[in-house]
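Following this message is one structure expressed as structure tokens.
Order of writing sets the chain letters: A, B, C and D. Residues in each chain are counted from 1.
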Amino acid sequence: MPHLPPVPLSWYLVLSAILFVLGVAGFLYRKSIITVFMSIELMLNAVNLSFVSFSYQLRRIDGHIYSFFVMVVAAAEAAVGLAIILTVFKNRGTLQIDEVDSMKR
Amino acid sequence: MHLWLIPLFPLIGFLLNGLWGKRWSKPVVSAIAIGSIAASFLYALAVIAKLSPIDTPYSEHYFTWIQSGFFNVGCDLFVDRLTAVMLLIVTGVGLLIHIYAIGYMAHEGGYYRFFSYFNLFVFFMLLLVMASNLLLMFVGWEGVGLCSYLLVGFYFLEEFASNAANKAFIVNRIGDFGFSLGMFLAVATFHTLDFGQIAAAVATLPVEAKAGVITAITLLLFVGATGKSAQIPLYVWLPDAMAGPTPVSALIHAATMVTAGVYMVTRVSFLYLHAPVAMNVVAIVGVLTAIFAASIGITQNDIKKVFAYSTVSQLGYMFLGVGLGAYSAGIFHLMTHAFFKALLFLGAGSVIHGLGGEQDLRHMGGLRKAMPITFVTLGVASLAISGIPPFSGFFSKDAILSAAYSHSPWMFWIGAITAGMTAFYVFRAWFLAFFGVYRGHHHAHESPSSMTLPLIVLAILAAVGGFFNIPRWLSPAYPLAENENAVAMIISVFFGVIGIVVAAYLYVIRPAAADSLKAAFGRLYTLVLNKYYVDEIYQALIVRPLEAISSFVLWRGVDETLIDTTLVNGLARVIRGWGSIFRQWQSGSIRNYATWILAGSLLVILVLGLAGGGR
Amino acid sequence: MDTLLFIVFAIVAVACALNLILQSHPISSALSLIGVMCSLAVLYLLLGAEFIAMAQMIVYGGAVMVLFVFVIMLMNAGAEKRSGKSWFAQFAGPPLLVLFAAVLAFLILRAVPKLRTVEFGTWVGGTAEHIGQMLFTEYLLPFEVISILILIAIMGAVVLASKEID
Amino acid sequence: MNFFLISLIKIVIVFGVFMTTLAYLQWVERKVLAHIQSRTGPLRVGPHGLMQPLADVFKLLTKEDLLPPYVNRIFYLGAPFIAVALALISISIIPFGPEIAVAGTRTYMQVGDVNVGVLFVLAIAAISVYGVALAGWSSNNKYSLLGGLRSSAQMISYELPLTLVIVSPLLLANHLSFREIGNSQAGYYLGFIPRWNIFQMPFPQIFGFIIFMIAAFAETNRIPFDLPEAENELVAGFHTEYSSMKFACFFMAEYANMVTITCVATLLFLGGWQPLFPAPYSNYVPVAVFLFAGVLCFLHAVRPARKRDRYTFPVFALAALALAILFALPWFQFVLAPIFWFASKVGFLLFTYIWVRGTLPRFRYDQLMHFAWTFLFPCALINLLLTALFVAIF
């Protein structure tokens, strides 16, 4: 087994940043409401990773608690959000995000 | 000692009856109401017996109510000799009137509502009496005002009742405004509202020969007292307050609440003693109110109105007493007045009850056979209020008039004349009601025993109440006045007897003479009968201009033109104008918005990260 | 060992995330997201957050994503269509994204240089015991509030989903 | 010895035993079902059909591997592997016995000890929904889709009471590691009632155990909760379109899940490897059992029902007697006794599975969901509340 040097914590943070940016990109370039929603979850996950990383850095578990709360909120958000998506789908018959713009008209 | 239990009982009664009384039968409701007052009365007796002689005030601290900087208000109750007297009056007379109300209210709607309000009133009155600082007292003060409002407007379906309630409430607000200002000034001056601490602070200050800050405080507090205790110029609500049921008039508008002003002035006497100017004002207002109200009382035909003006007049007496520094005399009169005025109202209520709601003296007459107990007890009360020895009114009124005689003779003379007028109008009412021939249509009958029993008890108290030597009981805190003045005594009794004799002559012996007298003084009579048009003057001077200002300046001008048209609509127009430019941004595409958000957060991160946020 | 694990799972996470935004079918995206979450759970374990790692699997993997997959299956959501709208996002998006990533990376590497190195097992703070103690002492109020939030979310979801649209 | 080597050995042992168990569990099931229904069951391949599992494996391996044309290829191929991989993972953290010393090295009878073992099992169980759901969806077949949806809905629904009811023994043990939970159940009340969680004072977890078992039946899609593969409605549910080895994967996953969940039940409620009887007596039990089995086999060999039994039963009898002797030796006793107790409890629970399958009819789908949400969930909640209350008070 090759011996590798230990990973600095900043790599974790950079990974978190990359995932976050990918989440934003998904939000901007995906057209299905569900996928856009999943991109939001991806962003939340990225933020959770940075919480846990900072927790490791500071040797305090507050970051864990925050990410726990983020998870719970994400669960609530998923329940309500998916219910909304279902309702939109029932009303509109479409999941394309650009076609749900009746607030404009 | 658990002083808090005393006001707690009525509060429990209020809560029980108020929350569930509608579902309970009348006996249950009355048992709760009367039981709570009786418990309170007995416990107060026990407390006083245990504490007596109450040479030093006994106080209990429960919790700190307000703590803000130097300002500290505790929820403290305390008992001293003055409080003891008031406690017994409030709970004792209150108990009798509660019992009376069972019979009186038996056929009225809202039975539970009446008793729950009544209990609430007693609770607040006890709080007022036992409070050991001005703010807590003010809670009770406002509370009794609230109950007064609720009970005056008890028949709220009648327009006159709700109008009277509103009038009582609004006029009291004016007084309360003064009271609040007085409190603010007291806080600013003494940094406390606690009676004991204020007294200690005042003791170090010199007596103010001219008007100073203490004078201002006392005068502002006295404005509150004129509102609550119906003195000139704020007396106008009390006669109208007779729209409530008669037990209310007896308890709230004769025996207890209206005397709160006198109690308050006595309670803060240490302030008044440092402000002779204010004391003079109190005395002058008192004596003027006394004769003014008495003169109106002479001409009134409504039996309750007669007694209402009599109350105003007697309150004037009390203020005359406390204004002259004879605090114990004032409290003495407060007590005897509680007995005989409560008795007068209850007797009047008994008559009204017996006549099926008839209140006009011109439609009564000859009732002494039909209602013997009412007749006798009302007679005792009339003798007491007229100051005929040995009835109670004689002692207390004499104490006040003696003080006046030695201080300022003109006040004494006005007081003495008022005493005569008092005797005249009270006996006029008595004679008109019980002598001559019956002029009404309803079949008169004696009231039930639940009503006559309190009448008898109160009659006994009114007869012998003068032998409770209140001035001596209070003498440690309020020094006894100079020796009784025999001259003053003789003169006042003389005026009283004159009043009775004239009344007997005009209304029993030669009834026609009264009418010819009316005709002779036609203009004056009309003036007095219409209460000197004070209500109309207030209407013209205060209410109309206020209405005009409100509707034209505030409503049309400020609200409609300035706020609605200029500010609200104008702002909306401006924003709409700008909005028509900016709404181009509103593309309706979520992804565009997200891009904007991204750009914005990028900006924020750049600014924070590069400009020093990240170290 | 833990370096290797980090590299492997970081690559898996990034690959899955890329797959999420490149796939056109929602269910592929959903599965990619599950992949991201599972690899993140491993990274959490490396960072000593064993409770959070398990919660990540249970809550995200087991509950949230199952809901997603369910909804996708229920609606039989097909692949996406091209859309000509949102011109601003089309043109301003890529440079902004690149700039955003660059700024974040730059700030992390420049502004927070003195970070620890991660060695598995040197600090295991996130045990269930520690988390529980924190939740029920210092974070009691947020915990209770969030439970109410969950309750409301449940009711909201039920109301929204059960509403018949005519 | 170094850590990796020990782990490797343990992995090999556990994997071998586990796979064998899975294979023979199916044989046992067929046999037991057959006897419940007064049949004989597999009999042809090997003595008493003992070679039947091997034959089945060969059959499935050599069958034609059909790939239906309209399926979503990636997910269709991936689903069985997700299912079987997740089903096999969980066994790695199950402890079969206490710490032992082999050749001077102390080790646990467990592949890996995880601090949050219970959570790990729950996490894996939560993820394993995807295998079924994806299989159903990617088959592009409405029966499969319905089966997959039903199955995932059922698993999610029953996960709630399952999780809630697991919390109660955790409260009693005050730990999330299976090993600690097993250790916490050592000892006896009054000298003879084992201190297992189902008897554990102050509030006996017998109700919790029953709820757990019901939810476990549903989690593993077994009768009476096997709605996802209800053949009269859905042909074969989510694996309608699967054949050959991919079908075998689902099959294996189901049995692996059964074994895992019975192991969890044993650890959480039945005291894991703790013996039923106090120390001196418990050592004689395995010996007695195997002796009895051996004698029984001899008796059957003397009076064989079938011709072949004359040769097979003596072999069984010898094996049983050898085991009995093994258990009588002190050192083996030390190592094997916990495994014996653990295995016998798991075996009993697995037998219950089969027993129930042979006895009960299937639920209707709405009844199933109704049962989960309106009965089982409140019961689990009440059980949890009561346990927490008693734990807090005592």
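Here is the rule we use: a contact is a pair of C-beta atoms (placed from the backbone, for glycine too) under 8 Å apart; a residue touches a chain by one contact, two chains touch by 3 or more.
Quick caveat: nothing in here was measured; it's all calculated off a predicted structure.
Q: Consider the two chain pairs C-D and A-B; indicate the one with the greater count of contacting C-beta pairs.
A: C-D
Q: Averaging each chain's C-alpha atoms to get its centre, pick out the one most distant from chain C.
A: Greatest centre separation from chain C goes to chain B.
Q: Taking each chain's centre as its mean C-alpha position, how far apart are chain B and chain C in Å?
A: Here chain B and chain C have centroids separated by 70 Å.
Q: So, what's the distance in Å between the C-alpha centres of chain D and chain C?
A: Averaging C-alpha atoms per chain gives centres 33 Å apart.
Q: Counting in whole Å, what is the centre-to-centre distance of chain A and chain D, each centre being its mean C-alpha position?
A: Comparing mean C-alpha positions, chain D is 37 Å from chain A.
Q: Mark out which residues of chain A touch at least two other chains, giving numbers and ranges.
A: If we look for residues of chain A contacting two or more partner chains, we find 24, 28-29, 98, 101.
Q: Please list all residues of chain D that touch 2 or more other chains.
A: none
Q: What are the residues of chain C that contact at least two other chains?
A: 51, 55, 63, 74, 85-86, 89, 93, 97, 100, 104, 112
Q: Using the contact definition from the top, classify how the chains connect: line, ring, star, complete or other.
A: Basically it's none of the tidy shapes, so other.
Q: Per the touch rule above, enumerate the chain pairs that touch, sorted by label.
A: Pairwise, the chains that meet the contact rule are A-B, A-C, B-C, C-D.
Q: Which residues of chain C touch chain A in their complex?
A: 1-4, 6-7, 10, 13-14, 17-18, 20-21, 26, 29-30, 33, 36-37, 40, 43-44, 47-49, 51-52, 55-56, 59-60, 63-64, 67-68, 71-72, 74-75, 77, 80-83, 85-86, 89, 93, 97, 100-101, 104-105, 108-109, 112-113, 115-119, 123, 125-126, 130-131, 134-135, 139, 142, 146, 149-150, 152-154, 156-158, 160-161, 163, 165
Q: Which part of chain A faces chain C closely enough to touch in the complex?
A: For chain A paired with chain C, touching residues are 1, 4-15, 17-26, 28-32, 34-35, 37-39, 41-42, 45, 48-49, 52-53, 55-57, 59-62, 64-65, 67-69, 71-80, 82-87, 89-91, 95-96, 98-99, 101.
Q: Flag every residue of chain C that touches chain B in the complex, lowest number first.
A: Of all residues in chain C, those touching chain B are 85-89, 92-93, 96-97, 99-100, 103-104, 107, 110-112.
Q: Of all residues in chain C, which touch chain D in the complex?
A: Against chain D, the touching part of chain C is residues 27, 31, 34, 38, 41, 50-51, 54-55, 57-58, 61-63, 66, 69-70, 73-74, 124, 127-128.
Q: Along chain B, where are the residues that touch chain C in the complex?
A: Spelled out, the residues of chain B in touch with chain C are 587, 589, 591-592, 594-596, 598-599, 601-602, 605-606, 609, 614-615.
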